[in-house]
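The block underneath contains the structure these notes are about, expressed in structure tokens.
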Amino acid sequence: MSVVKVIELISSSEKSIEDAIQNAVAEASRTIHNIDSVFVKDIKAHVKDGKVTTYGVICKVSFRLDEGR
Amino acid sequence: MSVVKVIELISSSEKSIEDAIQNAVAEASRTIHNIDSVFVKDIKAHVKDGKVTTYGVICKVSFRLDEGR
Amino acid sequence: MSVVKVIELISSSEKSIEDAIQNAVAEASRTIHNIDSVFVKDIKAHVKDGKVTTYGVICKVSFRLDEGR
Amino acid sequence: MSVVKVIELISSSEKSIEDAIQNAVAEASRTIHNIDSVFVKDIKAHVKDGKVTTYGVICKVSFRLDEGR
Amino acid sequence: MSVVKVIELISSSEKSIEDAIQNAVAEASRTIHNIDSVFVKDIKAHVKDGKVTTYGVICKVSFRLDEGR
Amino acid sequence: MSVVKVIELISSSEKSIEDAIQNAVAEASRTIHNIDSVFVKDIKAHVKDGKVTTYGVICKVSFRLDEGR
Amino acid sequence: MSVVKVIELISSSEKSIEDAIQNAVAEASRTIHNIDSVFVKDIKAHVKDGKVTTYGVICKVSFRLDEGR
Amino acid sequence: MSVVKVIELISSSEKSIEDAIQNAVAEASRTIHNIDSVFVKDIKAHVKDGKVTTYGVICKVSFRLDEGR
Amino acid sequence: MSVVKVIELISSSEKSIEDAIQNAVAEASRTIHNIDSVFVKDIKAHVKDGKVTTYGVICKVSFRLDEGR
Amino acid sequence: MSVVKVIELISSSEKSIEDAIQNAVAEASRTIHNIDSVFVKDIKAHVKDGKVTTYGVICKVSFRLDEGR
Amino acid sequence: MSVVKVIELISSSEKSIEDAIQNAVAEASRTIHNIDSVFVKDIKAHVKDGKVTTYGVICKVSFRLDEGR
Amino acid sequence: MSVVKVIELISSSEKSIEDAIQNAVAEASRTIHNIDSVFVKDIKAHVKDGKVTTYGVICKVSFRLDEGR
């Protein structure tokens, strides 16, 4: 029986929405294995002096709990 | 003062929706005590060759944080 | 002209989600006739010692108001 | 490149919610291959004389479009 | 009188969210003419070994039904 | 066992919201039998020179699949 | 201190959405005084032989509870 | 078997949101026993001459139906 | 590059929902040009002595910002 | 014919949620007359060193447009 | 690159909604540093003998993950 | 006391979703200072001859109101 846990992360990138998603995965991968998928719940952008400086994503990151824990 | 934490789990069962909920509780109970309730956020079914093989539930599992932590 | 009234009930069962729905209908039938349908708004489970003890449903119960009232 | 199509079906069963989901899959399988999963959007019950007669589910049925179409 | 039909597709791309949207349009265009617009309902990413492998979009694709059908 | 399919249509009318709903039904009836009901998901109006020119409805049209298909 | 109660009614009309709203108010007024407002939660239409037969509205009807009760 | 009924009330207070919730409970308690909990669905404020005069809450009030009814 | 602004208005009519939408457009047109469309977010009715007196609509009104501003 | 405009403001207070709502009204009143009501869409709190420093509210502020404009 | 994690807590207070939010922050601060903000998802009140005994809040608590972890 | 105003804009780009967000910010910056952030509410794409021609975003643009106004 495999169970998946879902955690919520907010990450950002100066480059693109896709890069912000990748940053959430990279950060989560420091302590979590078996990440399967990311659901993008919300997209934001931070602005300074009339220009977008970073793109931010609120993500639901899903990963399988180790069976042999 | 008692505080409750809510975590999100996705579990499944070949038998029924109720059994999938019980599987989420059983998995969470391996590391968490004091589980109070489960809120079923979404219900899915996985299909192969025109037949449902497993029922899946996306659950919010609530448990009291130990006061004497 | 037939008008339908919708009331919200929370019921539970130790057996199954279906039985919890039936319990909402049975309780409502003590004072209401002409129940047509039940919409299941939310599903919960209550847990004790790592096991589900009851399944709960939050229901919208619809019934026709008697025309000859 | 694999694309998945999602259709919405409402099916029912006199037995259980799980059986209603299976009925949606069985009906869809008459004309569609490669069904992957079913998302249960809403659950209803129809009532007669104070008893549930059928359980109904509003489902999103997902299936892969044939690549070699 | 012009009527628009809306269908739901899930498509993906290894490159970007924009490319996943374009893939949904390309697939739908194999059998459907007169596609007007795509509404992006949800965005997901699939992950392997701590890296995003594909971006997925759940789309509502709208197209005009031929008047002279 | 009767299964209902739900499709999404956007239709419009210069006269009224009711007429836009009827137009969705009329268009769907060209290829579909056994339409049971229409759920109005959203209502819009298109405007030109400060006057509403057409009322538009986004509809979920439900119809029974032929048992003898 | 004035408190308002909100009840949910489903009513219908062969003529129009507005008339269905008025029917909900007329039915509620048989037993309730002091109705203030109606919020239209959902709009449906019932169809027979490719024509809309009735417009239905799911309404939240609000009325002030008598202070001197 | 215990069943809970949920009713919707709108109440207000010149003092605070908490007082408006308490007013909903006080009004409901005139005719209902066994109130368990209140869910605050929406919060509003009424304004006159640039100052908030009352805080209003739209509440779902839950109470156990007497078993021995 | 054309950008559209969306504002929210609440308007009403003694006659019909369609007329309430038209009233929102008429009022907005006093100061705004280039209105494209209206999205009807919510529909209400105000009631007096058991009769609907006005139909109200909460609208999102969209208009193109002048490029040559 | 009276039309109401709705604008969205985010305000905050070091004291309470009620005070944050009042601050939104006070700020809006600097340029707007005839404010009728405030709908509280979301409530947040900002935190520093383990203590809430300010309560924030996202508000929909409604005001009547002057008829004689 | 700074990533924020969001956890869900349910806390309560006999005094006020603001105090319940502060209690969630205080409990979370026992094991988490760098809490930035709290989003209040839902507000409830528990009732006994016709009086509110505690105010409860369902919170999303956001905190920065240590970069030097 | 700083108050933030939120306005809704729809903008588009032939290049990417990120560029459409930047276009909303650029347009808003012509008349508004102090833009802080953009929340992307919805994403669309417009299609011609089976190809995406423009990506559109429905944005909530937030900016601080000048204190010294």
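As written, the chain order gives the labels A, B, C, D, E, F, G, H, I, J, K and L, with residue 1 at the start of each chain.
Here, a residue touches a chain if its C-beta (ideal position, glycine included) is under 8 Å from a C-beta of that chain, and two chains touch if they have at least 3 such contacts.
None of the values given here were measured: they were computed from a predicted structure.
Between subunit H and subunit K, the least number of touch steps comes to 1. Although subunit D and subunit E share one sequence, what matters here is the overlap of their interface residues, and that overlap falls short of half of the numbers used.
Relative to the C-alpha centre of subunit A, the farthest chain centre belongs to G. Subunit E and subunit I have Cα centroids separated by 31 Å.
One finds 22 Å separating the Cα centroids of subunit A and subunit B. Among all residues of subunit K, those that touch two or more other chains are 7, 16-17, 26, 43. Chains touching one another, given as pairs, are A-B, A-E, A-K, A-L, B-C, B-D, B-K, C-D, C-G, C-H, D-E, D-F, E-F, E-L, F-G, F-I, G-H, G-I, H-J, H-K, I-J, I-L, J-K, J-L. Of all the residues in subunit H, the ones that touch subunit J in their complex are 16-17, 42-47, 50-52, 55. Considering their complex, residues 1-7, 60, 62, 65, 69 of subunit G touch subunit H.
Those residues of subunit I lying in contact with subunit J across their complex are 7-13, 23-24, 26-27, 30-31, 58. Considering their complex, residues 16-18, 21-22, 25-26, 29, 35-40, 43 of subunit E touch subunit L.
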